[in-house]
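One structure, pasted below without further comment.
As written, the chain order gives the labels A, B, C and D, with residue 1 at the start of each chain.
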Amino acid sequence: MTHAREMFDTHPGTTAMDADALIECVEACFDCSQSCSACADACLGEEMVGHLKRCITMCLNCSDMCATTGRIVSRQTEFEPAMARATLQACAEACSLCAEECERHATEMNMEHCRVCAEACRRCERACNEALSAVGA
Amino acid sequence: MTHAREMFDTHPGTTAMDADALIECVEACFDCSQSCSACADACLGEEMVGHLKRCITMCLNCSDMCATTGRIVSRQTEFEPAMARATLQACAEACSLCAEECERHATEMNMEHCRVCAEACRRCERACNEALSAVGA
Amino acid sequence: MTHAREMFDTHPGTTAMDADALIECVEACFDCSQSCSACADACLGEEMVGHLKRCITMCLNCSDMCATTGRIVSRQTEFEPAMARATLQACAEACSLCAEECERHATEMNMEHCRVCAEACRRCERACNEALSAVGA
Amino acid sequence: MTHAREMFDTHPGTTAMDADALIECVEACFDCSQSCSACADACLGEEMVGHLKRCITMCLNCSDMCATTGRIVSRQTEFEPAMARATLQACAEACSLCAEECERHATEMNMEHCRVCAEACRRCERACNEALSAVGA
(Lines give C-alpha, C1' and ligand atoms only; values in the text may rest on other atoms or scores of the structure.)
Protein backbone atom coordinates (compact mmCIF):
# COMPACT_ATOMS: atom_id res chain seq x y z
CA MET A 1 0.00 0.00 0.00
CA THR A 2 1.27 3.43 -0.90
CA HIS A 3 -0.19 6.94 -0.69
CA ALA A 4 1.17 8.11 -4.06
CA ARG A 5 -2.17 8.24 -5.86
CA GLU A 6 -3.91 10.07 -3.02
CA MET A 7 -1.07 12.59 -2.86
CA PHE A 8 -1.50 13.38 -6.55
CA ASP A 9 -5.29 13.53 -6.30
CA THR A 10 -5.09 16.14 -3.52
CA HIS A 11 -2.42 18.32 -5.14
CA PRO A 12 -3.64 21.95 -5.49
CA GLY A 13 -2.44 22.23 -9.10
CA THR A 14 -3.02 20.21 -12.21
CA THR A 15 -0.51 17.52 -12.99
CA ALA A 16 1.74 18.30 -15.90
CA MET A 17 1.28 14.95 -17.59
CA ASP A 18 -0.91 11.85 -17.72
CA ALA A 19 -1.70 11.06 -14.08
CA ASP A 20 -1.65 7.27 -14.43
CA ALA A 21 1.75 7.25 -16.12
CA LEU A 22 3.01 9.62 -13.46
CA ILE A 23 1.77 7.61 -10.48
CA GLU A 24 3.01 4.30 -11.86
CA CYS A 25 6.41 5.92 -12.49
CA VAL A 26 6.66 7.31 -8.97
CA GLU A 27 5.58 4.05 -7.34
CA ALA A 28 7.92 2.01 -9.54
CA CYS A 29 10.85 4.31 -8.72
CA PHE A 30 10.44 4.04 -4.95
CA ASP A 31 9.83 0.29 -5.16
CA CYS A 32 12.89 -0.24 -7.35
CA SER A 33 15.04 1.91 -5.09
CA GLN A 34 14.16 -0.39 -2.18
CA SER A 35 14.61 -3.62 -4.17
CA CYS A 36 18.03 -2.53 -5.41
CA SER A 37 19.23 -1.59 -1.92
CA ALA A 38 18.00 -4.96 -0.66
CA CYS A 39 19.57 -6.86 -3.59
CA ALA A 40 22.96 -5.20 -3.05
CA ASP A 41 22.71 -6.35 0.56
CA ALA A 42 21.59 -9.86 -0.38
CA CYS A 43 24.51 -10.15 -2.85
CA LEU A 44 26.83 -9.11 -0.02
CA GLY A 45 25.41 -12.02 1.99
CA GLU A 46 26.25 -14.59 -0.69
CA GLU A 47 29.36 -16.76 -0.30
CA MET A 48 30.41 -15.94 -3.84
CA VAL A 49 30.29 -12.19 -3.19
CA GLY A 50 33.55 -11.84 -5.13
CA HIS A 51 31.63 -12.69 -8.31
CA LEU A 52 28.88 -10.19 -7.57
CA LYS A 53 30.84 -6.92 -7.53
CA ARG A 54 29.27 -5.62 -10.71
CA CYS A 55 25.82 -6.63 -9.54
CA ILE A 56 26.26 -4.80 -6.21
CA THR A 57 27.48 -1.69 -8.02
CA MET A 58 24.65 -1.66 -10.57
CA CYS A 59 22.18 -2.10 -7.67
CA LEU A 60 23.65 0.77 -5.64
CA ASN A 61 23.66 3.07 -8.68
CA CYS A 62 20.11 2.12 -9.62
CA SER A 63 18.84 2.55 -6.07
CA ASP A 64 20.22 6.09 -5.93
CA MET A 65 18.96 7.07 -9.38
CA CYS A 66 15.46 5.69 -8.72
CA ALA A 67 15.20 7.58 -5.42
CA THR A 68 16.15 10.83 -7.15
CA THR A 69 13.83 10.26 -10.10
CA GLY A 70 10.90 9.32 -7.87
CA ARG A 71 11.32 12.63 -6.06
CA ILE A 72 11.83 14.81 -9.11
CA VAL A 73 8.77 13.39 -10.86
CA SER A 74 6.77 13.82 -7.63
CA ARG A 75 7.34 17.58 -7.85
CA GLN A 76 4.44 18.85 -9.94
CA THR A 77 4.04 22.50 -8.88
CA GLU A 78 6.84 23.78 -11.09
CA PHE A 79 7.27 20.76 -13.30
CA GLU A 80 10.07 21.27 -15.81
CA PRO A 81 9.90 18.90 -18.82
CA ALA A 82 13.62 19.20 -19.60
CA MET A 83 14.49 18.10 -16.07
CA ALA A 84 11.95 15.27 -16.15
CA ARG A 85 13.31 13.98 -19.44
CA ALA A 86 16.92 14.04 -18.23
CA THR A 87 16.20 12.14 -15.03
CA LEU A 88 13.81 9.66 -16.66
CA GLN A 89 16.38 8.82 -19.33
CA ALA A 90 19.11 8.31 -16.74
CA CYS A 91 16.78 6.20 -14.63
CA ALA A 92 15.69 3.99 -17.53
CA GLU A 93 19.38 3.42 -18.29
CA ALA A 94 20.17 2.56 -14.64
CA CYS A 95 17.24 0.13 -14.50
CA SER A 96 18.18 -1.52 -17.78
CA LEU A 97 21.82 -2.05 -16.74
CA CYS A 98 20.83 -3.40 -13.34
CA ALA A 99 18.10 -5.68 -14.72
CA GLU A 100 20.49 -7.16 -17.29
CA GLU A 101 23.05 -7.98 -14.61
CA CYS A 102 20.47 -9.38 -12.17
CA GLU A 103 18.82 -11.49 -14.87
CA ARG A 104 22.16 -13.12 -15.62
CA HIS A 105 22.58 -14.18 -11.99
CA ALA A 106 18.96 -15.27 -11.74
CA THR A 107 19.39 -17.57 -14.75
CA GLU A 108 22.97 -18.80 -14.35
CA MET A 109 23.20 -19.01 -10.59
CA ASN A 110 19.56 -19.36 -9.63
CA MET A 111 19.69 -16.31 -7.39
CA GLU A 112 16.14 -15.61 -6.41
CA HIS A 113 16.77 -12.12 -4.99
CA CYS A 114 18.28 -11.17 -8.34
CA ARG A 115 15.19 -12.49 -10.11
CA VAL A 116 12.89 -10.35 -7.92
CA CYS A 117 15.13 -7.31 -8.25
CA ALA A 118 15.27 -7.67 -12.04
CA GLU A 119 11.48 -7.70 -12.05
CA ALA A 120 11.37 -4.41 -10.09
CA CYS A 121 13.98 -2.92 -12.44
CA ARG A 122 12.13 -3.92 -15.62
CA ARG A 123 8.87 -2.53 -14.23
CA CYS A 124 10.63 0.76 -13.41
CA GLU A 125 12.40 0.92 -16.78
CA ARG A 126 9.02 0.48 -18.51
CA ALA A 127 7.37 3.09 -16.27
CA CYS A 128 10.15 5.61 -16.97
CA ASN A 129 9.85 5.04 -20.71
CA GLU A 130 6.08 5.51 -20.54
CA ALA A 131 6.51 8.66 -18.48
CA LEU A 132 8.98 9.89 -21.10
CA SER A 133 6.34 9.44 -23.79
CA ALA A 134 3.83 11.27 -21.60
CA VAL A 135 6.22 14.20 -21.07
CA GLY A 136 6.99 14.38 -24.78
CA ALA A 137 10.57 13.58 -25.78
CA MET B 1 2.49 -3.10 -5.21
CA THR B 2 6.01 -3.36 -3.86
CA HIS B 3 8.67 -6.07 -3.97
CA ALA B 4 9.83 -5.58 -0.34
CA ARG B 5 8.42 -8.85 1.01
CA GLU B 6 9.78 -10.92 -1.87
CA MET B 7 13.20 -9.31 -1.43
CA PHE B 8 13.27 -10.35 2.22
CA ASP B 9 11.97 -13.84 1.49
CA THR B 10 14.78 -14.46 -1.01
CA HIS B 11 17.61 -13.03 1.14
CA PRO B 12 20.39 -15.63 1.62
CA GLY B 13 20.65 -14.96 5.36
CA THR B 14 18.18 -14.96 8.18
CA THR B 15 16.59 -11.66 9.05
CA ALA B 16 17.81 -10.19 12.31
CA MET B 17 14.33 -9.38 13.62
CA ASP B 18 10.64 -10.16 13.20
CA ALA B 19 10.10 -10.23 9.43
CA ASP B 20 6.60 -8.70 9.45
CA ALA B 21 7.70 -5.74 11.58
CA LEU B 22 10.69 -5.30 9.31
CA ILE B 23 8.76 -5.39 6.04
CA GLU B 24 6.05 -3.04 7.28
CA CYS B 25 8.74 -0.64 8.48
CA VAL B 26 10.58 -0.66 5.15
CA GLU B 27 7.39 -0.21 3.12
CA ALA B 28 6.16 2.56 5.41
CA CYS B 29 9.49 4.39 5.20
CA PHE B 30 9.59 4.45 1.39
CA ASP B 31 5.90 5.36 1.18
CA CYS B 32 6.31 8.18 3.71
CA SER B 33 9.41 9.48 1.95
CA GLN B 34 7.34 9.84 -1.23
CA SER B 35 4.31 11.38 0.51
CA CYS B 36 6.46 13.96 2.28
CA SER B 37 8.25 14.98 -0.93
CA ALA B 38 4.86 15.31 -2.62
CA CYS B 39 3.35 17.25 0.31
CA ALA B 40 6.25 19.73 0.37
CA ASP B 41 5.58 20.27 -3.34
CA ALA B 42 1.82 20.57 -2.85
CA CYS B 43 2.36 23.13 -0.06
CA LEU B 44 4.58 25.08 -2.46
CA GLY B 45 1.63 25.12 -4.88
CA GLU B 46 -0.74 26.70 -2.33
CA GLU B 47 -1.45 30.41 -2.51
CA MET B 48 -0.75 30.75 1.19
CA VAL B 49 2.71 29.20 0.86
CA GLY B 50 4.04 31.88 3.24
CA HIS B 51 2.11 30.18 6.06
CA LEU B 52 3.42 26.73 5.18
CA LYS B 53 7.16 27.22 5.68
CA ARG B 54 7.32 24.98 8.73
CA CYS B 55 5.21 22.33 7.01
CA ILE B 56 7.47 22.31 3.95
CA THR B 57 10.56 22.03 6.16
CA MET B 58 9.16 19.20 8.30
CA CYS B 59 8.17 17.39 5.09
CA LEU B 60 11.63 17.75 3.52
CA ASN B 61 13.33 16.57 6.72
CA CYS B 62 10.97 13.65 7.10
CA SER B 63 11.33 12.61 3.45
CA ASP B 64 15.12 12.46 3.82
CA MET B 65 15.07 10.62 7.14
CA CYS B 66 12.53 8.05 5.91
CA ALA B 67 14.59 7.33 2.79
CA THR B 68 17.70 6.75 4.90
CA THR B 69 15.90 4.61 7.47
CA GLY B 70 14.19 2.50 4.81
CA ARG B 71 17.60 1.71 3.33
CA ILE B 72 19.40 1.04 6.61
CA VAL B 73 16.68 -1.33 7.82
CA SER B 74 16.73 -3.06 4.40
CA ARG B 75 20.36 -4.07 5.02
CA GLN B 76 20.10 -7.39 6.82
CA THR B 77 23.41 -9.12 6.04
CA GLU B 78 25.39 -7.28 8.69
CA PHE B 79 22.51 -5.86 10.66
CA GLU B 80 23.75 -3.72 13.56
CA PRO B 81 21.12 -3.19 16.31
CA ALA B 82 22.74 0.03 17.59
CA MET B 83 22.52 1.56 14.11
CA ALA B 84 18.94 0.37 13.62
CA ARG B 85 17.88 1.85 16.95
CA ALA B 86 19.48 5.21 16.22
CA THR B 87 17.88 5.60 12.81
CA LEU B 88 14.47 4.25 13.90
CA GLN B 89 14.37 6.71 16.80
CA ALA B 90 15.30 9.64 14.55
CA CYS B 91 12.73 8.53 11.97
CA ALA B 92 9.92 8.17 14.51
CA GLU B 93 10.74 11.71 15.69
CA ALA B 94 10.73 13.09 12.12
CA CYS B 95 7.40 11.40 11.39
CA SER B 96 5.84 12.63 14.60
CA LEU B 97 6.90 16.25 14.01
CA CYS B 98 5.71 16.17 10.39
CA ALA B 99 2.40 14.48 11.23
CA GLU B 100 1.66 17.03 13.93
CA GLU B 101 2.25 19.92 11.55
CA CYS B 102 0.29 18.35 8.69
CA GLU B 103 -2.63 17.43 10.94
CA ARG B 104 -2.92 21.07 12.00
CA HIS B 105 -3.26 22.20 8.36
CA ALA B 106 -5.63 19.35 7.56
CA THR B 107 -7.95 20.41 10.38
CA GLU B 108 -7.63 24.20 10.36
CA MET B 109 -7.24 24.79 6.64
CA ASN B 110 -8.84 21.71 5.19
CA MET B 111 -5.74 20.81 3.26
CA GLU B 112 -6.33 17.36 1.86
CA HIS B 113 -2.72 16.68 0.86
CA CYS B 114 -1.69 17.38 4.47
CA ARG B 115 -4.33 14.92 5.69
CA VAL B 116 -3.00 12.16 3.41
CA CYS B 117 0.62 12.98 4.28
CA ALA B 118 -0.16 12.92 8.02
CA GLU B 119 -1.65 9.47 7.54
CA ALA B 120 1.54 8.23 5.87
CA CYS B 121 3.63 9.81 8.66
CA ARG B 122 1.59 8.25 11.47
CA ARG B 123 1.77 4.84 9.79
CA CYS B 124 5.55 5.20 9.50
CA GLU B 125 5.95 6.46 13.07
CA ARG B 126 4.02 3.39 14.29
CA ALA B 127 6.05 1.03 12.09
CA CYS B 128 9.33 2.51 13.36
CA ASN B 129 8.22 2.12 16.96
CA GLU B 130 7.20 -1.48 16.36
CA ALA B 131 10.51 -2.17 14.63
CA LEU B 132 12.25 -0.63 17.65
CA SER B 133 10.47 -3.10 19.92
CA ALA B 134 11.44 -5.93 17.59
CA VAL B 135 15.11 -4.88 17.64
CA GLY B 136 15.09 -4.55 21.40
CA ALA B 137 15.56 -1.06 22.80
CA MET C 1 38.48 20.39 3.30
CA THR C 2 37.29 17.14 1.82
CA HIS C 3 38.77 13.62 1.72
CA ALA C 4 37.74 12.92 -1.90
CA ARG C 5 41.26 12.99 -3.36
CA GLU C 6 42.71 10.79 -0.62
CA MET C 7 39.88 8.31 -1.09
CA PHE C 8 40.69 8.01 -4.79
CA ASP C 9 44.44 7.80 -4.17
CA THR C 10 43.96 4.85 -1.80
CA HIS C 11 41.49 2.91 -3.95
CA PRO C 12 42.76 -0.63 -4.65
CA GLY C 13 41.91 -0.44 -8.37
CA THR C 14 42.79 1.95 -11.13
CA THR C 15 40.36 4.75 -11.79
CA ALA C 16 38.42 4.39 -14.99
CA MET C 17 39.02 7.93 -16.16
CA ASP C 18 41.20 11.00 -15.67
CA ALA C 19 41.62 11.31 -11.90
CA ASP C 20 41.58 15.11 -11.73
CA ALA C 21 38.36 15.38 -13.74
CA LEU C 22 36.85 12.69 -11.56
CA ILE C 23 37.78 14.27 -8.23
CA GLU C 24 36.67 17.75 -9.28
CA CYS C 25 33.36 16.26 -10.45
CA VAL C 26 32.76 14.41 -7.18
CA GLU C 27 33.66 17.42 -5.04
CA ALA C 28 31.53 19.75 -7.16
CA CYS C 29 28.54 17.39 -6.95
CA PHE C 30 28.58 17.14 -3.16
CA ASP C 31 29.18 20.88 -2.79
CA CYS C 32 26.36 21.73 -5.20
CA SER C 33 24.01 19.32 -3.48
CA GLN C 34 24.57 21.20 -0.22
CA SER C 35 24.30 24.66 -1.79
CA CYS C 36 21.04 23.79 -3.51
CA SER C 37 19.49 22.39 -0.31
CA ALA C 38 20.58 25.56 1.50
CA CYS C 39 19.29 27.84 -1.29
CA ALA C 40 15.87 26.14 -1.31
CA ASP C 41 15.75 26.80 2.43
CA ALA C 42 16.94 30.40 2.08
CA CYS C 43 14.29 31.03 -0.61
CA LEU C 44 11.71 29.65 1.82
CA GLY C 45 12.90 32.25 4.32
CA GLU C 46 12.31 35.15 1.94
CA GLU C 47 9.17 37.25 2.29
CA MET C 48 8.48 36.93 -1.42
CA VAL C 49 8.56 33.13 -1.26
CA GLY C 50 5.51 33.07 -3.54
CA HIS C 51 7.73 34.30 -6.37
CA LEU C 52 10.40 31.71 -5.70
CA LYS C 53 8.48 28.50 -6.30
CA ARG C 54 10.36 27.60 -9.43
CA CYS C 55 13.68 28.43 -7.80
CA ILE C 56 12.91 26.19 -4.81
CA THR C 57 11.88 23.36 -7.12
CA MET C 58 14.96 23.64 -9.35
CA CYS C 59 17.13 23.69 -6.20
CA LEU C 60 15.48 20.57 -4.73
CA ASN C 61 15.78 18.70 -8.02
CA CYS C 62 19.40 19.75 -8.47
CA SER C 63 20.32 18.83 -4.90
CA ASP C 64 18.96 15.30 -5.38
CA MET C 65 20.57 14.78 -8.77
CA CYS C 66 23.97 16.06 -7.59
CA ALA C 67 23.91 13.73 -4.57
CA THR C 68 23.16 10.75 -6.81
CA THR C 69 25.76 11.70 -9.41
CA GLY C 70 28.44 12.31 -6.78
CA ARG C 71 27.88 8.79 -5.48
CA ILE C 72 27.68 7.03 -8.83
CA VAL C 73 30.89 8.66 -10.06
CA SER C 74 32.56 7.78 -6.74
CA ARG C 75 32.04 4.08 -7.50
CA GLN C 76 35.15 3.09 -9.46
CA THR C 77 35.46 -0.67 -8.85
CA GLU C 78 32.89 -1.64 -11.47
CA PHE C 79 32.67 1.66 -13.29
CA GLU C 80 30.13 1.51 -16.13
CA PRO C 81 30.59 4.26 -18.77
CA ALA C 82 26.95 4.08 -19.94
CA MET C 83 25.74 4.73 -16.40
CA ALA C 84 28.26 7.51 -15.85
CA ARG C 85 27.22 9.24 -19.07
CA ALA C 86 23.51 9.06 -18.23
CA THR C 87 23.91 10.50 -14.75
CA LEU C 88 26.45 13.17 -15.80
CA GLN C 89 24.13 14.36 -18.58
CA ALA C 90 21.15 14.55 -16.22
CA CYS C 91 23.25 16.35 -13.63
CA ALA C 92 24.61 18.91 -16.09
CA GLU C 93 21.00 19.61 -17.13
CA ALA C 94 19.84 19.98 -13.50
CA CYS C 95 22.73 22.34 -12.73
CA SER C 96 22.11 24.43 -15.85
CA LEU C 97 18.38 24.83 -15.12
CA CYS C 98 19.03 25.72 -11.48
CA ALA C 99 21.86 28.13 -12.28
CA GLU C 100 19.73 29.96 -14.85
CA GLU C 101 16.90 30.43 -12.34
CA CYS C 102 19.22 31.48 -9.50
CA GLU C 103 21.13 33.92 -11.71
CA ARG C 104 17.87 35.66 -12.57
CA HIS C 105 17.08 36.23 -8.89
CA ALA C 106 20.65 37.25 -8.14
CA THR C 107 20.50 39.93 -10.85
CA GLU C 108 16.89 41.11 -10.65
CA MET C 109 16.30 40.82 -6.91
CA ASN C 110 19.82 41.00 -5.60
CA MET C 111 19.48 37.72 -3.80
CA GLU C 112 22.93 36.85 -2.57
CA HIS C 113 22.17 33.22 -1.68
CA CYS C 114 21.02 32.72 -5.27
CA ARG C 115 24.27 34.24 -6.53
CA VAL C 116 26.35 31.83 -4.43
CA CYS C 117 24.16 28.88 -5.38
CA ALA C 118 24.40 29.73 -9.08
CA GLU C 119 28.19 29.73 -8.70
CA ALA C 120 28.11 26.23 -7.20
CA CYS C 121 25.76 25.06 -9.98
CA ARG C 122 27.91 26.47 -12.80
CA ARG C 123 31.02 24.88 -11.28
CA CYS C 124 29.22 21.53 -11.09
CA GLU C 125 27.79 21.82 -14.62
CA ARG C 126 31.32 22.46 -15.91
CA ALA C 127 32.76 19.57 -13.88
CA CYS C 128 30.08 17.18 -15.19
CA ASN C 129 30.76 18.23 -18.78
CA GLU C 130 34.48 17.73 -18.30
CA ALA C 131 33.87 14.33 -16.71
CA LEU C 132 31.66 13.47 -19.72
CA SER C 133 34.58 14.25 -22.05
CA ALA C 134 36.86 12.13 -19.88
CA VAL C 135 34.45 9.17 -20.00
CA GLY C 136 34.04 9.51 -23.75
CA ALA C 137 30.62 10.48 -24.98
CA MET D 1 36.47 24.16 -1.68
CA THR D 2 32.84 24.29 -0.64
CA HIS D 3 30.19 27.02 -0.65
CA ALA D 4 28.68 26.07 2.73
CA ARG D 5 29.92 29.12 4.64
CA GLU D 6 28.83 31.56 1.93
CA MET D 7 25.40 29.92 1.81
CA PHE D 8 24.96 30.47 5.54
CA ASP D 9 26.30 34.03 5.41
CA THR D 10 23.74 34.99 2.75
CA HIS D 11 20.72 33.30 4.40
CA PRO D 12 17.90 35.83 4.95
CA GLY D 13 17.26 34.67 8.53
CA THR D 14 19.43 34.27 11.55
CA THR D 15 20.96 30.87 12.13
CA ALA D 16 19.43 28.97 15.01
CA MET D 17 22.75 27.99 16.55
CA ASP D 18 26.47 28.80 16.61
CA ALA D 19 27.39 29.39 12.96
CA ASP D 20 30.88 27.84 13.13
CA ALA D 21 29.59 24.62 14.72
CA LEU D 22 26.85 24.52 12.12
CA ILE D 23 29.09 25.03 9.09
CA GLU D 24 31.69 22.53 10.29
CA CYS D 25 28.90 20.01 10.88
CA VAL D 26 27.40 20.47 7.41
CA GLU D 27 30.78 20.28 5.67
CA ALA D 28 31.80 17.22 7.70
CA CYS D 29 28.51 15.45 6.89
CA PHE D 30 28.79 15.91 3.12
CA ASP D 31 32.50 15.00 3.17
CA CYS D 32 31.85 11.88 5.25
CA SER D 33 28.96 10.84 3.03
CA GLN D 34 31.33 10.88 0.04
CA SER D 35 34.18 9.12 1.86
CA CYS D 36 31.88 6.34 3.05
CA SER D 37 30.42 5.77 -0.43
CA ALA D 38 33.97 5.64 -1.80
CA CYS D 39 35.19 3.32 0.99
CA ALA D 40 32.31 0.87 0.42
CA ASP D 41 33.36 0.82 -3.23
CA ALA D 42 37.06 0.44 -2.42
CA CYS D 43 36.26 -2.48 -0.06
CA LEU D 44 34.31 -4.07 -2.91
CA GLY D 45 37.46 -3.81 -5.01
CA GLU D 46 39.59 -5.72 -2.47
CA GLU D 47 40.35 -9.39 -3.07
CA MET D 48 39.29 -10.21 0.47
CA VAL D 49 35.86 -8.60 0.02
CA GLY D 50 34.34 -11.56 1.86
CA HIS D 51 35.95 -10.26 5.06
CA LEU D 52 34.71 -6.74 4.53
CA LYS D 53 30.94 -7.25 4.57
CA ARG D 54 30.46 -5.46 7.85
CA CYS D 55 32.72 -2.60 6.74
CA ILE D 56 30.77 -2.16 3.50
CA THR D 57 27.48 -2.15 5.39
CA MET D 58 28.64 0.35 8.02
CA CYS D 59 29.93 2.59 5.20
CA LEU D 60 26.65 2.45 3.26
CA ASN D 61 24.63 3.19 6.39
CA CYS D 62 26.92 6.04 7.40
CA SER D 63 26.91 7.54 3.91
CA ASP D 64 23.11 7.67 3.90
CA MET D 65 22.80 9.06 7.43
CA CYS D 66 25.44 11.76 6.82
CA ALA D 67 23.69 12.90 3.63
CA THR D 68 20.39 13.21 5.47
CA THR D 69 21.92 14.98 8.47
CA GLY D 70 23.86 17.41 6.29
CA ARG D 71 20.61 18.41 4.61
CA ILE D 72 18.49 18.65 7.75
CA VAL D 73 21.06 20.82 9.52
CA SER D 74 21.34 22.98 6.38
CA ARG D 75 17.67 23.91 6.76
CA GLN D 76 17.71 26.98 9.00
CA THR D 77 14.48 28.83 8.13
CA GLU D 78 12.27 26.66 10.29
CA PHE D 79 14.95 24.98 12.36
CA GLU D 80 13.44 22.48 14.80
CA PRO D 81 15.79 21.56 17.70
CA ALA D 82 14.05 18.21 18.37
CA MET D 83 14.64 17.16 14.76
CA ALA D 84 18.24 18.39 14.80
CA ARG D 85 18.98 16.47 18.00
CA ALA D 86 17.49 13.24 16.66
CA THR D 87 19.42 13.32 13.40
CA LEU D 88 22.69 14.47 14.99
CA GLN D 89 22.53 11.64 17.54
CA ALA D 90 21.84 9.05 14.84
CA CYS D 91 24.64 10.48 12.71
CA ALA D 92 27.18 10.48 15.54
CA GLU D 93 26.29 6.81 16.14
CA ALA D 94 26.65 5.92 12.45
CA CYS D 95 30.03 7.67 12.27
CA SER D 96 31.27 6.01 15.44
CA LEU D 97 30.29 2.50 14.26
CA CYS D 98 31.83 3.05 10.83
CA ALA D 99 35.04 4.60 12.21
CA GLU D 100 35.54 1.69 14.61
CA GLU D 101 35.19 -0.85 11.81
CA CYS D 102 37.41 1.09 9.40
CA GLU D 103 40.10 1.66 12.04
CA ARG D 104 40.32 -2.09 12.62
CA HIS D 105 41.00 -2.73 8.94
CA ALA D 106 43.42 0.18 8.75
CA THR D 107 45.45 -1.25 11.63
CA GLU D 108 45.16 -5.00 11.06
CA MET D 109 45.13 -5.10 7.28
CA ASN D 110 46.86 -1.87 6.43
CA MET D 111 43.95 -0.69 4.34
CA GLU D 112 44.67 2.91 3.49
CA HIS D 113 41.16 3.76 2.22
CA CYS D 114 39.81 2.59 5.56
CA ARG D 115 42.28 4.84 7.38
CA VAL D 116 41.17 7.88 5.36
CA CYS D 117 37.51 7.00 5.75
CA ALA D 118 37.89 6.55 9.51
CA GLU D 119 39.40 10.03 9.64
CA ALA D 120 36.38 11.50 7.84
CA CYS D 121 34.04 9.58 10.18
CA ARG D 122 35.79 10.75 13.36
CA ARG D 123 35.75 14.34 12.13
CA CYS D 124 32.02 14.05 11.41
CA GLU D 125 31.28 12.33 14.73
CA ARG D 126 33.06 15.18 16.55
CA ALA D 127 31.24 17.83 14.49
CA CYS D 128 27.86 16.22 15.21
CA ASN D 129 28.61 16.11 18.92
CA GLU D 130 29.65 19.76 18.91
CA ALA D 131 26.52 20.70 16.98
CA LEU D 132 24.50 18.78 19.57
CA SER D 133 26.03 20.91 22.32
CA ALA D 134 25.28 24.04 20.31
CA VAL D 135 21.62 23.02 19.84
CA GLY D 136 21.28 22.19 23.52
CA ALA D 137 20.70 18.55 24.38
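Keep in mind that, in the parts below, contacts are C-beta pairs under 8 Å (C-beta built on N, C-alpha and C of every residue); 3 or more make two chains touch, one makes a residue touch a chain.
Note that the structure is a prediction, hence the values are computed from the model and not measured.
For the pairs B-C and C-D, the count of C-beta pairs in contact is higher at C-D.
Seen from the Cα centre of chain C, the chain whose own Cα centre is farthest off is B. Comparing the residue numbers each copy contributes, chain A and chain B share more than half of them at their mutual interface. In this assembly, the C-alpha centroid of chain B lies 27 Å from the C-alpha centroid of chain C.
If you average the CA atoms of chain C and of chain D, the two centres end up 19 Å from each other.
Residues of chain D in contact with two or more other chains: 41, 44-45, 53, 56-57, 60, 67, 71, 75, 77-78. Chain B meets chain C in the complex at residues 40-41, 44-45, 47, 49-50, 53, 56-57, 60. Within the complex, the chain B residues that touch chain A are 1-4, 6-8, 10-13, 26-27, 30-31, 33-35, 37-39, 41-42, 44-46, 63, 67, 70-71, 74-78, 111-113, 115-117, 119-120.
Of all the residues in chain B, the ones that touch chain D in their complex are 53-54, 56-58, 60-61, 64-65, 67-68, 71-72, 75, 77-78, 80, 82-83, 86-87, 89-90, 93-94, 97.
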